[in-house]
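Paired with chain B in one complex and with chain C in the other, chain A is shared by the two complexes that follow.
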Partner chain A sequence: MGILPILLSIQSAVSQGILWGIMTLGVYISYKILDYADLTVEGSFALGGAVTAVLIINGWSPMLSLFVALLLGMVAGMVTGFLNTKFKIPAILSGILSMIALYSINLSIMGKANIALLGKETIFTQAQKWFSMITDKSVLSLIIGSVFVIIIIAILYWFFGTELGSVIRATGNNEYMVRALGVNTDRMKIIGLFLSNGLVALSGGLIAQNQGYADVGMGTGTIVIGLASVIIGEVIFGRRFNFAYKLFSVVAGSVIYRIIIAAVLQMGLKTTNLKLFTAIIVAIALAIPAMKEKYSKPKLDI
Partner chain B sequence: MMKLKRMILSLGMILALVLLSACSGGTGSTDSTTKTGGSDKDIFKIGVLQLVTHDALDASYQGFVDGLKEAGLKENVDFVIDYQNAQGEQSNCQTIAAKFVNDKVDLILAIATPAAQAAANETKDIPILVTAVTDPADAKLVNSNEKPGTNVSGTSDLTPVKEQMELIKKIIPNAKKVALLYNSSEVNSAFQVNLAKEAAAELGLETVDATVSQSHEIQQVVESLVGKVDVIYSPTDNMIAAGMSTVALVANQAKIPVIVGEEGMVRNGGLATYGINYYDLGKLTATQAVDIIKNNAKPADMPIQYLSKFDLFINEDTMKAIDIKIPDEILKEAQIVKTVAE
Partner chain C sequence: MLYIENLYKVFNIGTINEKRALVDLNLHIKKGGFVTVIGGNGAGKSTLLNMIAGVYMPEKGKIVLAGQDITRMPEYKRAALLGRVFQDPMRGTAADMEIIENLAIAARRGKKRTLKWGVTKQEKEQYVEYLKMLDLGLENRIHTKVGLLSGGQRQALTLLMATLREPELLLLDEHTAALDPKTAVKVLQLTEELVTKNNLTTLMITHNMKDAIRFGNRLIMMHEGKIIYDVSGEEKKKLTVADLLDKFENVSDRMLLSK
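Presenting the complex of A and B:
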């Protein structure tokens, strides 16, 4: 088997991974920072795609459509947050409720199950005009994705360093203590989910523009991809340095996840086994921290 | 130092897993042809990208393969197929499409709309055939269904609305007024209803719109039709399909025949339909592939094709319930089904 197809597949996997990385940052906020397994993302990812697609075919600028996707994603996250904190519905369940509600909402936004953007103006076709010397589509997506990722990480790094951001992080670490200090932890959770789902919807919008269509089913599997990427990033790059390093490692995790899938496909894995394979990757990635702890403890005792 | 070791270990484990899976599935038939990375003209490489495992989609893939074989082409001699199923995850569609482009396959068969769009977005050069896509022009895959003008052609699974309207004339020759029962918010239904109206006008049938916006309205709307129309027609509408038992309950009691858009609705109490056979659709797509393989045809000049022969389904329970006599020559070609017990 030739090395060239593998390299090429890795290249397109990297550009896809960066775009999905924005979604992964959203999952990182809910899953790692807030310690909240939020299933809303399956719906808000498709929501972002749906909103972007509808606005673009109605003649909006692609950039503006992404902004609207971001805002509506944030609203979706807020709803989940309200269900969880105000009505005391368990986290998993409130996520599921938002997810199924969003399925219908996305359908009504789009009016049909699938909207094509092939041949329409997207931020990728716009960028093509500015950088006419870059002919490779995946290189272009890589550049645009990286610009988005860097800006988002810069904003998140700043935000989670502010007083409010620090309290949100503390809420995820020890909710009771933070509440004992007189902070309204419900509000912190809602803000966290608000940010998280905004990013997920933004990523959905970018992916829709990149792949040339939005589909009501495009969110399927998002949560698994997100969790897998977060964990892979953490296991491989470890918990070191500052918060920005962690955020970058999350995006890197998303890229690695895509590379693994692409490489495995390229090597000829039967796609019927793909879900099993994904489950194995995630299980291994999840098990590694526990295994590390188990095997390093006796050495400390000596 | 320990930490670093663990890290290397974990990386190694992931790599080992990748390699392991590569070995287990590594006998993929295209591997041998990708050595040079260039295209190998002796053996025609077809990449098949299917959205999800599903009876209809599986049947169209099977029909495609059988169609190629019937045209005298031998698998692994004249053509190889690299079959990939995205398992319902649309992100995989893009990854798989990219793989086909990297592998430099000679033809991509994309099954279902999101798969087709992912493939069309990934390459503008490799010929793509699509199937199980209702309206390739609406999906922006082609400039027009008559003359694609892009690297995409294929077959449409558009319901044979016109034939279904003609079926009304065949089964109930003296019908004059047809109610079109559908959900007003489904774009796909509105599209089919427009086709139905055109066909009805040609056949000299008068049509009445009977729209519902929520499933609990179905019963009332159908009841309001009793005594006003001779027959009810419902396209492949999701809401009506889900509430078909309710429709049948009212209509069969009032002895109004209901002609429907698809087989499932017949099984839930509708009287009859002409439906698409996805296996035949796959075979039809194969004829286009053969044209590309043997005659080097360009998808840009190949119109989107539609099936001309359909499967007729008739529900015998409904037939008895509404005391209708269907001519024997029609019954002979039909597949007779019973109402499924709920």
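Presenting the complex of A and C:
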């Protein structure tokens, strides 16, 4: 095998990783900041794809369709938040309920299981017209994805530094304290899930436009991919420095995840085994802290 | 300042584990009162504090604080009136956040959280001054994550956070019980300093009878969800641990005889 195909596959992995990185930022908000394992993302990712595809087919501007995807994703997150906080349904179960409900909702939005965007205008084809000097499609996706990521990280960095944002971070840390300091923690969780699922749906919309189709099953495994990326980012880049660094390392984690996947596919892993492979990566990554604890304990010398 | 009238709290109503935690409890604390609360396990001390804080809602009765009926007010709303320090040093602070971020969140207790920046420059200088008062060297570590502090340091910080915005009532739930004796003394001294300096109305639960006598200007003893002994002023000053033990034994004996 020559070096060129490998380089090409890495290049496309990087651009994919950045687009998926927006979803990873969403998972970072729920899983790391709120300490909430939110399975809604499986549904809201596909929701983003479904909404974008249907709107584009109906002649909407691709950019506006992404905005609607973002808003509807936010609504999905809010529903999960309500189930969890108002009705005291456990976090995991609230997410599962939203996820399952969204499967039907996504199907009825699309009217069928799969919508192709062949020949339709997407933000990627639009950009191609504007920047005609860039002929490589994956370079273009890379640029667009990076613009989105930078804007989103800037907004998140600002938001989580505000009074409201810092209380949301504290809620994930210590709910008792936050309530004792006069904050409605239920509302903070809902805002967090709102933001998180908005980003996930936006990412789903971008991916649908990038790959040229939306599929009702495109969200399956999203949470595991998100967790894998968050954990890879954390393991490789550590927990140093400030919040912006952490957010960038989350996106970097998503890119590295894609490169790993591209590499194992090149080495001959069957696509059907991809999700199994991802699950194993996440399981190992999650097991590392416990294993470290068990085996690296200093022995007592008697 | 604080009026509690005919307060009842029963856990697990209608089950075999039914527990009458507070029975027709009445308590009135004047502004500036520093009340210490003692009592055996299950006497209802913590339940009383948690009822005032809004962790549980009462079955019957009324709680009025600073002229507001807070009986049914949700915990986060009445927090505007209350400063709280918990027994567990981990409970009062956010471990993964910086000292200064914790203080900034506490300084806005009871206020609406806006989209303004979380910590302003002026308040930063102010917090450094406050931290100097603690005399723990924390003023040089304002960007340290609270999780890296010791239990005593965290408890001192929580105390500062609880009083940063002057509360109508300060609730201390055995806040030195989890600390080593030396640190406990330090935190208690700090408590007294802060309470005296700001003339705070305070309710402090303690397991330590000496502390209950030494601190505050009023002492109440609880047993089986009721206040069985209430002493203040000169009478409290003359109190000894032996007197309190006597009281304890008295009620325990009576309990045995009545069964």
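Miscellaneous remarks
Simple rule for what comes next: the second predicted complex is superposed on the first by the 280 of 302 C-alpha atoms of A that agree within 3 Å, B and C clash if a C-alpha of one lies under 4 Å from a C-alpha of the other, contacts with A are read in each partner's own complex, and residues count from 1 in each chain.
Just so we're on the same page, a contact is a pair of C-beta atoms (placed from the backbone, for glycine too) under 8 Å apart; a residue touches a chain by one contact, two chains touch by 3 or more.
All figures in this text were calculated on a predicted structure; none of them were measured in a lab.
By the document's definition of touching, of the two partners only chain C reaches A:G182; chain B does not. In the superposition on chain A, A:I134 contacts neither chain B nor chain C.
When the two structures are aligned on the shared chain, A:L118 is found in touch with chain B, with no touch to chain C. Of the two partner chains placed by superposition, only chain B is touched by A:I260; chain C is not.
Touch criterion met: A:E163 reaches chain C, while chain B stays clear of it.
Once the two complexes are overlaid on the shared chain, A:N173 sits against chain C while remaining clear of chain B. In the overlay built on the shared chain, the residue A:M63 is in contact with neither chain B nor chain C.
When the two complexes are overlaid on their common chain A, residue A:L71 makes contact with neither chain B nor chain C.
Of the two partner chains, neither chain B nor chain C is touched by A:I150. Partner chain B is touched in their complex by these residues of chain A: 1-2, 4-5, 8-9, 12-13, 16, 20, 108, 111-112, 114, 116-120, 138, 207, 210-213, 215, 217-218, 220-221, 225, 232, 235-236, 238, 258, 260-275, 277, 280-281, 284-285, 288, 292, 296, 299. Chain contact summary for the complex, chain A toward chain C: residues 159, 161-167, 169-170, 173-174, 176-185. By the touch rule above, chain C contacts chain A in their complex via residues 53, 74-77, 79-80, 82, 84, 86, 90-97, 101-102, 104-106, 108-111, 113-119, 161.
On the chain B side of its complex with chain A, the touching residues are 2-3, 6-7, 10-11, 13-14, 17-18, 21-22, 24-28, 30-31, 34-37, 53, 83-96, 98-99, 102-104, 113-114, 117-118, 120-121, 138-141, 185-188.
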